[in-house]
Structure formats: C-alpha cells, structure tokens
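Notes to accompany the following structure.
By written order: A, B, C and D. Residues from 1 in each chain.
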Amino acid sequence: MVYNYYPGCTLSTKAKKLDIYARAAAKALGFELAELKEWQCCGAVYPLAQDAIGERLAAARSLAAAEDGKLVTLCSACHHVLKRVNADMAANGEICAKVNAYLGEEETYHGQTEVWHYLEILKREIGFDEIARRVKNPLTGRKIGAYYGCLLLRPAGVMQFDDAENPGILEDFIAALGATPIIYDYRNECCGGYLTLTDKQATGEMVGRVIASARQKGVAELITACPLCSYNLEVNALGTEMPVHYFTELLAEALGLKEEETACR
Amino acid sequence: MQIREMEEAAEVLRISTVKAENCMQCGKCSAACPAGARMDILPHRFVWELMNGRVSLLAKSGTLWQCLSCFACSARCPRGVDPARLIEAVRLTVIRRQGANSINVDELPQVIDENMPQQAIVSALRKYNK
Amino acid sequence: MLAEKQSTEQNFEPLIVAFCCNWCSYAGADLAGTARRSYPANVKIIKVPCSCRVNPTFILRAFLRGADGVIIAGCHPGDCHYTTGNYFTRRRMTLLMGLLGYLGVDKARLRVEWVSAAEGNKFAEVMTDFAGTIKALGENVKLRDLRCK
Amino acid sequence: MRKHIAATVDVARVAESVRSIPDVAFATDYRYMCSEGGQTLLRQAVKEHGLSRIVVCACSPRMHEATFRKAAKAAGLNPYLVEIANIREHCSWVHKDKEVGTAKAIALAKAAIAKVRLNTPLTAGESPVVKRALVIGGGIAGLQTALDIAEAGYKVDIIEKSPSIGGKMAQLDKTFPTLDCSACILTPKMVDAAAHENITIHTYSELEKVSGYVGQFEAVIRKKARSVAVDRCSGCGLCMEKCPSKKAASEFDEGLRTRSAIYIPFAQAIPNVPVIDREQCLKFQADKCGLCAKICPAGAIEYGQEDELITNKYGAIVLATGFTTIDPVRFGEFGYLHHKDVITSLEFERLTNAAGPTQGKLVKLSDGKKPKSIVFVSCVGSRDTTERGKSYCSKICCMYTAKHALLVKEKYPDIAVKVFYIDVRTPGKGFDEFQRRAVEEYGVEYIKGMVGKVTEEGGGLAVHASDVAAGTKIVAEADLVVLATAVTPSSDARKLASMLSASIDTDDFYTEAHPKLRPVESPTAGIFLSGVCQGPKDIPETVAQAGAAAVKAIGLLSKDKLLTNPCVAHVNETTCSGCLACEKVCPYGAITADYKQVNSKGLKERRLIAHVNEALCQGCGACSVACPSGAMDLRGFSNKQIMAEVDALC
C-alpha cells in the first residue's frame, strides 16, 4: 500500500528522527510513504478566523495535490492544520469558495482527501495486534507515558482522532510494543507551544507540570508526535528532566530497525 | 466611540463565527486554561467583555499574547462557545493594523536556539505578526 | 432587463403545500406556533392522519395546479403513531422522486422530513429552509396545467 | 379569536372574503370562539341560517376540535360536519406581517370550506374497556401510581426489570429538604404494594410486545428466569452466603461493593427472593459448583428455569420507567475513570448510607481513610449543549448537592466542603432555606465557577476551577470529588416508546399530550406518564405526578365503553378488484377478504372483496394509498376531501 505523505518542514530538518523512523517502520510493516511533490509549509497554526483565507491556501494546495485518497501526516501541528482546513473545505461554503478562487485550478477542491495520522494507519490499517506480532525487541518493562498534547485531540469533532479527554491510541500503541503504558493527568494539557519564543518562563511552568504529573505516576520516558512538544519538554522544563522520544523512534526500536537505520546513516 | 466599538465587536464576532451569546459565564474555560494564571483577563471574562462590546479593552489585554490556541477551553465549554476563536479574532484586529506586530523580527535570532523547531517560529509569527 | 428579472425573483412568493401527519408534524407545527417560531407564510398545511395517507396523486395534483413545492412531514422512522406508516411514506416518496424528473418537475420541489411533536424549532427551520430552496428554484411552470385551475 | 389571532390576521376581512364563496351562508368574526358565548353564537347561527356544515377559523384542532364538535351536536348537527382552519398556531402566531397573515388565513379558511363540503355524517363506534392497568417500572413513581389505581378498586400489574421493586429511591440515604430517611418512607410503600390484593408485581420482567389500543391493549411480558422458585424460597439467604462467586459489582451499591452470583439486591428487597445472575454463576458458565441447590433448605433452586411469557389485556398503561445518570466517563477532564476518589453523587449516596458498603462511614475509596476535604461539582453533563451533555437542567442536583454538603458537615464538621456551581437553583418549598442553611449554619463554601480539570497532586486531588465572582482561577485541594451527573431517562425509554407508539423527545423523555394542560398523558390514548420518565423531578413532584397519572388511568378504567374514532377505512365494493394490496400494508390486521356477490358493470359476479374490521382499524390511511383502484378510502380524510383542499390552496 502506498500513501501520500506530507512530512512538513520540521520533519525535514529538526525532527528528522520522527520522519526517518516512520518511513523505515512503514517499509517493515508493508506500506510506503510517498512524499507529495511540491508540498508547502502548512502554516503551523490553524487560522481560526473565518476571513483568514490566505493562511489556508498552502494547506489547501497540499490537500488538493493528494486528491486521490488518503494523505498521511506525522507532525501533530501539520495534522491539525491539514485536517481542519480540509474540514473547512468540505463544510464551510464561504471558505471553500474563496480558497478555490485563489487556487485558480480548473477543478475545485471540496475536501475530498482524507487526512490520516500515521498512528491511525497503524491502528486501523495495520492493526496494533499485527504490530505486536512484528515486534522483534519488545520494550518489556519500560514505563512509558504518552504525551498527546493539544493538537491531535482537539477539537474532537473535527479531529476525530480519539476521545479528547480519555485518549487511548498511544497507550494501545505502547502496549503493542511490549512496554507498559502509563496514564497521567497532564497527557492532554498544553506544553506551552510557541510561547517558547516569547515567554520561556510560561512554557517552562507548563512542561514542568506535565513532567511532574508523569513522574508522579511512575513514567520513565515520554513519547510524542509533535516536534514542538518534544522541544519544549526537553529544553524548557525548569529544574526537571525526562527522556522524550518520538513515537516512531520507539516503533523502529521495537521492530528492530533502529540499529540498522543508524548504521546506514 | 461607543458605537464604533460595538461595530468592532460585531466584526470580531463575525470573523470568529462564535455564538458568544450561548455563554452562560460558568467559567469552565478559565478553569481549563493552562495559561490562565498569566492572563489579565480570563477567557470567560474575555467572552463577557466582548459581548459588552469592550474591544479596545481586550485589544490591550495580555491575554491575547498568552493564549496558546490549545483549545482546552473550546473542548470543555458546555455551550459550544469557542473562546480561543474569540481571542484570535481580537488578536487579528490588533496585528492587522500596520506596525502592530508583536514580535520584533530583528530580535528573533537571539531567542532561537539550534534545536528549536521551525514549527515554533512559524507558529509564533503567524499568531503574533502579520 | 437583468434588474427586472432579479426583482421578479425577489418578489416571487412560492406556493408550498405541506402535508403534516396529525400526531407528530402537525403537533410540531402547533408547537412552532406556541413558541412563536416564525417561518414563511408560503407554507400552507394540510392535516392528514399519517404521512402514509398522502397519495402521490395529491402531490401531482398540487403541482398541476401550480404549487411550487410540496413537503411531507411525518413522525421519525420508528416513531410512527401507526407503527409502520412512515416507512410506507419513505418508500412511496422515493419512487415518486424518481418519477418527478420524468414528469418535468425538479425533484428538489418535493421533500420528505421527519418532525416530531416536540420539534417545533425543527419544524420552523425545515419550512424556512424548504421555502428558501423553492424560492431559489423559481416558479414551477413545467408541470402546471392551466386546465386544472 | 381576536386577542391572539387579530394581532397579525385581519379577522373581519377573513370573514368578509369567505362570505362570497358559494355555499357559504353565514360568516362572522368573534373574539373568543371557544368560550360559551362563541358556542352559543355557533348554535344560533346553525338555527338561524339553517347551516349544514361549519368551519371554525381558530386555534389548532388539537386544542378545541372536540369543543366545536360538541357545540355542533348541541345544535343538532352531526359533530363530524365541523372543520377547523388553524389560523392561530399555523398562521397568526408564526407570521408577523398582517397582510401576509390575513392572506394565509383566508387561504386556510378556503381549504377548510372546500373540505367541509364533502364531509359526511359519521357515527363513532364503541369499544369495551378492560378494567386492568399495567404500570411499567417499580420505582416510587410506579408504586404510587399502582397503589392509587389499586385503591380505586382496579387491578394493576407492575413490571420491573430489576429483581426488586424500589427503584432509585431505595438507593438514597436521606431526602431533601426534610432529611427523612429514604428507605424508611419507601419501604412501607413497597410492602403495601406487594400486599395489595389488586396489585400483581412482576419483577425481573420486561415488556416484550404490545398491541391493541386504548381500553384494549394486549401486552406480552417476559418474566426472566430467576432460577429460584419464588413460592418455595423462604429468603433465608444461605445460598448467598455460600455462593463462591462473589466478584460481581453490586448494581444497587453502584459497584462500590461486590455481590454473589445468587443475590438479593438489598435487604428490604421485594420479593425477598434471590435471583441467579447467570453471567456470574459457575453452574451456568462452567457447569461446576451447584452449591446453592445442595444447601437450599427449601429446595427452591431451579437451574432449569426458563423465561416465561405472560400475555394479558389492559385498559390503560402507565409509563414509570424513571431515570439513570449520565456516564461521567464522557467528561474525561474530571478524571472519573482514573481516580478512585472521583465519584458520582449516587455513589456518594451509597457511601453515606448506613446500609451501604461502608456502613455509612465516609471514606476515600482509594485508601479507606477519612477525607479531609470534599469538592462537589454541579452540572456535570447538565446545561451542556454539546454532544457530550444534555441541554436541560437536571433540576434535582442543586438540592441533593446541598443535602450532601450539609450532611457531611453535620457529621464531620472538620471536613472542608466546597461546592462549585454555575447557578444554584432551589425553587421548591423550603428548598432555598435549606441550601442557605448549608452555607450559613454549616459553613459549606459555595464558589460560583465550573471545574475545568481534576488532577492528582501529591497524595490527593487538585480541582482546577474558576471563581467567576472574583475573576480568578483557583486550585482546590480535595480528597474526594463528587460529580453531580445529569439525570437521563432510562436507557430502554426509546425502545418502549416505539413499542407503545408513545411520543418521545430528543432527550428520550416521554412527551406529554400538552405541556401545560395534559402533563401526565402521552399523546397516544391510554398511555400515561408518571415520574422522571417525563422530565427531571424530585420525589414529591414524582409522587404528585404518579397520583395524577393514576387518576387519569382510573378515569379511563371507570368507563365501560369508549367511543371509537369513526374516521376509519371503508371499501367501495363495486370498484374493489380484490388485489388485497391494502391487506399487506395494514399494521393492525384490520383488513380481511371475503367472497361476495357484487354488481360489476351491470353483471352480477362473486369475487374476492376486501373487508375492513372497523373495530381494529385505527385510521392511518396506508391502505387507501396502496389501493390501485381507489376503492379503499378513509372516512374524514377521503381522497376527494384532501384533493378538494389541495385544489382550494393551489
């Protein structure tokens, strides 16, 4: 199976690990990520205002380019933006008409593309049971906390990713790899996001609470799908530390691909 | 002045697409807000002020620059009001004015470190500058 | 010329017949009234015991005599006062929809909706929406048979 | 007529414009048509002008059709020669422009005139009333209704799906605002019902099927296999003691305690006969054990018991299916799923009940220690218009939360109690005084603001809330968090509504025939509503409504015969081809076929003709549309009548 793939800017530079392990694991699991030609930056934040048309164009272009079926994403922010812009194109007549007028393509785009997160492919197309069967190095005994953050889950009505307050997909994923998923209260609370640029103190407090909450429950390492969450957790935490990995890194490790990949590089 | 402000409020509500009149001031948004402790006007109060047309007060509030668009308020609001959208709409009325950018781009290199993902920079510029 | 056309379009007041079942939709219309939920006066209601009482010939007759839209409103599927009546309605109207095009009537001019006795708001919304649709479609001239007048 | 209608309809002009229509002998306008004066006017007009048909342009026929039919009858006309043009609910109340409203009123009047021309005199038939009522639900609502009906001398059957009657009220500790013990006032009612000669109680039973109509319902009741013989069991309880399978969560104790596979839900249960939960029983699951059968001194255990179907006829049915509460897992931010010390109000009731799992000792579920601080959260799922919650106010939560808070403070003055609320709603006798007592005398801290998240901090819980009055965020420490979860109708309400053709709203509460004037009747004749199944209410209101529903049912049962709807189907035998398409669509089996001698185009022939059993026909009209020749028609809504209305409108 070949899926259209939207990596996003960060994955080509600062979050390479998120990307390369995802591709390697995909190959091992029998599917392929075919990078969209000429994708553009999604804009990183979803434009909330009804009249923010320009800010939606890049996402709409990428979505339209993947018109033949599913578009797979990895980064939480890209997923969030693409999924929500797609929902606008499908259901918000005014935005759809204006964006199409800008795109100026012969065929208009109406949100036909399905935006899937890599995790959704793993869960719904491959199946966590199947992944568990393919695991070569089970991560037995490792106490891992899933850090969802905000963007994958909310708003639940549009993202349709998981129960926004009681999510379980990452925990199921962790369990499939043989590790012990640990649920803690702050797994869906914000990491401080882009405030890292303007108010390090604020971000620090926020990730501090996340890490404290996780540690209290016995979490030894965190996994995330978002480069910015990962950065904030690693860099901004004040006076506390917690190993943070991308979920794909963990997947590659369990599938026995991590050493190979590192060797290749 | 009063009339002008009411018109502005109406415009903010329009571009936000939020039905602020559904708000019953229960304060759940503020309770859920992870950045609330640093806000001068809490989300529920923000909705209230906007309903009363006080856009200029809101335009000056620190809340605009503390909101993270994490949507905890929107997700937990029992009335389907979306405070994050309202905050964004007011923020847009500010940054869309010429020279009202919140981040000085020249100073950016000083705050960016080697590992900072560009996602952070793009997000912040989208939120704070035009 | 164009302005004239637009103005006639704006002035066009469609004639809409609504067949409402006694138990759900007629009561829903009553509730819309009690709650003062307004909808366009173009909608005129005929009471029937059940939506399944609506013979397709009633609908065709309405179109022949110049009705611009016909809407049938009944209880929600599963909630019919007569247990199964609205299932018949659903099947019959599906068939009729298929035939309307053949008769030269846009099938958007016929609609079936389920409105319960508790849904006064929905009644008003549905009727407002339908009247809007019919207004946009314009006058029903194709099937109108002046001999029926 | 004028007061409501005349604001947007020029009634004089309506009268004026219909006066010129052929056949109209008299037209006038009058302010209150449904008043005695209006009816006198109607009677006089019939006499003076020799009227043979009447059209009343007024409010909905659902309000006053019966009134005007009676008036017509008094004037010597057949009551079915009256038609109503609904120019109030369907016209003046929904249109603002007077011109538009008047034009529409005239159109509706014309349609009614066109129809009434073709009306024929009809005579209502009669059908007998079975003098027995069925009450669905054995909680306080159902019990009260059943007792009242039984006291009036009619037989009543109660069906209750759980193994005992008593319902939610049996689970409660104290009742607000007087704080009498719930069980102490409920148990005598349960005993009265069980002992009443006119009441038959079917516990562990559900309604399987209902057919028939008002006065003549036929219900099939599924009595689930109890696996214990009710007549032999002495209720000694030995079986429950010895049962080795004790892991099932007790429904009665809201899962706070486990119970055996063979169990009586609670000590005062009626009947005091255990039931075997076959999902939990080793005998049924693994064909092992069988201990209860061996030790039962009465030999009452019957593993081979099967579900029993009982069919009975009833004149009236009362719905008293009560409520459940919304699943707090839907609101993950409160942490119900992951924190043992976040509980629902109903769990709190069990936790403070002397007969509960802790003998009434208030403890944390996580470690069994006494809590130092308790936070109550109101409106969990109530007044929530999103898909997670319910848009209505659950009505009882403010009061039971005040009750809980006050009782905690009374028993343990050292426990800090906070209540987070959106609004405190206490309309009711002595209610506001009670809530203020909690604040003023007992020092319960009420904070206006909702809770956004509950997290674990250190050993306890942190409640992240806002204080709306102060305009601040606060984090309150709590050892126990109690969620006032929204009241929702019983999960089988919708299924029952379909079975009984009773109308139900989008929240699954049963709809009343009229929200003000007929609040305890379903729009479906012969079905009555008792208790929370119609809308959230507290115990006194439930009891009051239960009594009202009983009176309505008694009123029906006291009649020997009911007039039937004469608007039924009939066949034109000369045009019926005997295809019997009508028979196939009739939901009541009211159509049969007979060979009959008919005149067909001058020839006498004997052929198959459809026949309508008018006692069974309910008048839906499905057959009249299925009939290819138009031989089947519906009285009161004939093809010609409806066609005439269409012609008049278009």
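As a convention for this text, a contact is a pair of C-beta atoms (placed from the backbone, for glycine too) under 8 Å apart; a residue touches a chain by one contact, two chains touch by 3 or more.
Here the structure is a predicted model, which is why all the values come from computation and not from measurement.
Student: Count the C-beta contact pairs for B-D and for A-B, then tell me which is higher.
Tutor: Spelling it out, more C-beta pairs touch across A-B than across the other pair.
Student: Taking the mean of the C-alpha atoms as each chain's centre, how many Å separate chain B from chain C?
Tutor: A distance of 45 Å separates the two centres.
Student: For chain A versus chain C, what separation do you get between their C-alpha means, in angstrom?
Tutor: Centres of chain A and chain C (C-alpha means) sit 48 Å apart.
Student: Nearest whole angstrom, what separates the Cα centre of chain A from the Cα centre of chain B?
Tutor: A distance of 25 Å separates the two centres.
Student: Using the touch definition from the top, which residues of chain C touch two or more other chains?
Tutor: Residue numbers touching two or more other chains: none in chain C.
Student: Multi-chain contacts in chain B: which residues touch at least two other chains?
Tutor: Expected reply: 72, 76.
Student: Would you please write down the residue numbers of chain D that are in contact with two or more other chains?
Tutor: Within chain D, residues 333, 453 contact more than one other chain.
Student: Touching pairs of chains, all of them, please.
Tutor: A-B, A-D, B-D, C-D
Student: Spell out the residues on chain D that touch chain A in their complex, using ranges where they run on.
Tutor: Chain D residues touching chain A: 329, 331-333, 335, 337-338, 387, 453-457.
Student: Quick check: in the complex, which residue numbers of chain A touch chain D?
Tutor: The touching residues are 157, 163-166, 183, 185-186, 189, 213, 216-217.
Student: For a test of understanding, state which residues of chain D touch chain B in their complex under the given definition.
Tutor: Within the complex, chain D touches chain B at residues 333, 379, 383-386, 388-389, 422, 448-453, 464-468, 471-473.
Student: Using the touch rule from the top, collect the residues of chain D that touch chain C in their complex.
Tutor: Within the complex, chain D contacts chain C at residues 60-62, 86, 88-91, 93-97, 100-101, 103-104, 107-108, 111, 497-498, 501, 503-506, 511, 523-524, 567, 585, 587, 618-622, 624-626, 634, 637, 639, 642-643, 645-647, 649-650.
Student: Sort out for me which residues of chain C touch chain D in the complex.
Tutor: Counting only chain C, the residues touching chain D are 15, 17, 23-24, 26-27, 29-30, 32-34, 36-39, 41, 44-50, 52-58, 61-62, 65-67, 78-85, 88, 92, 116-119, 124, 148.
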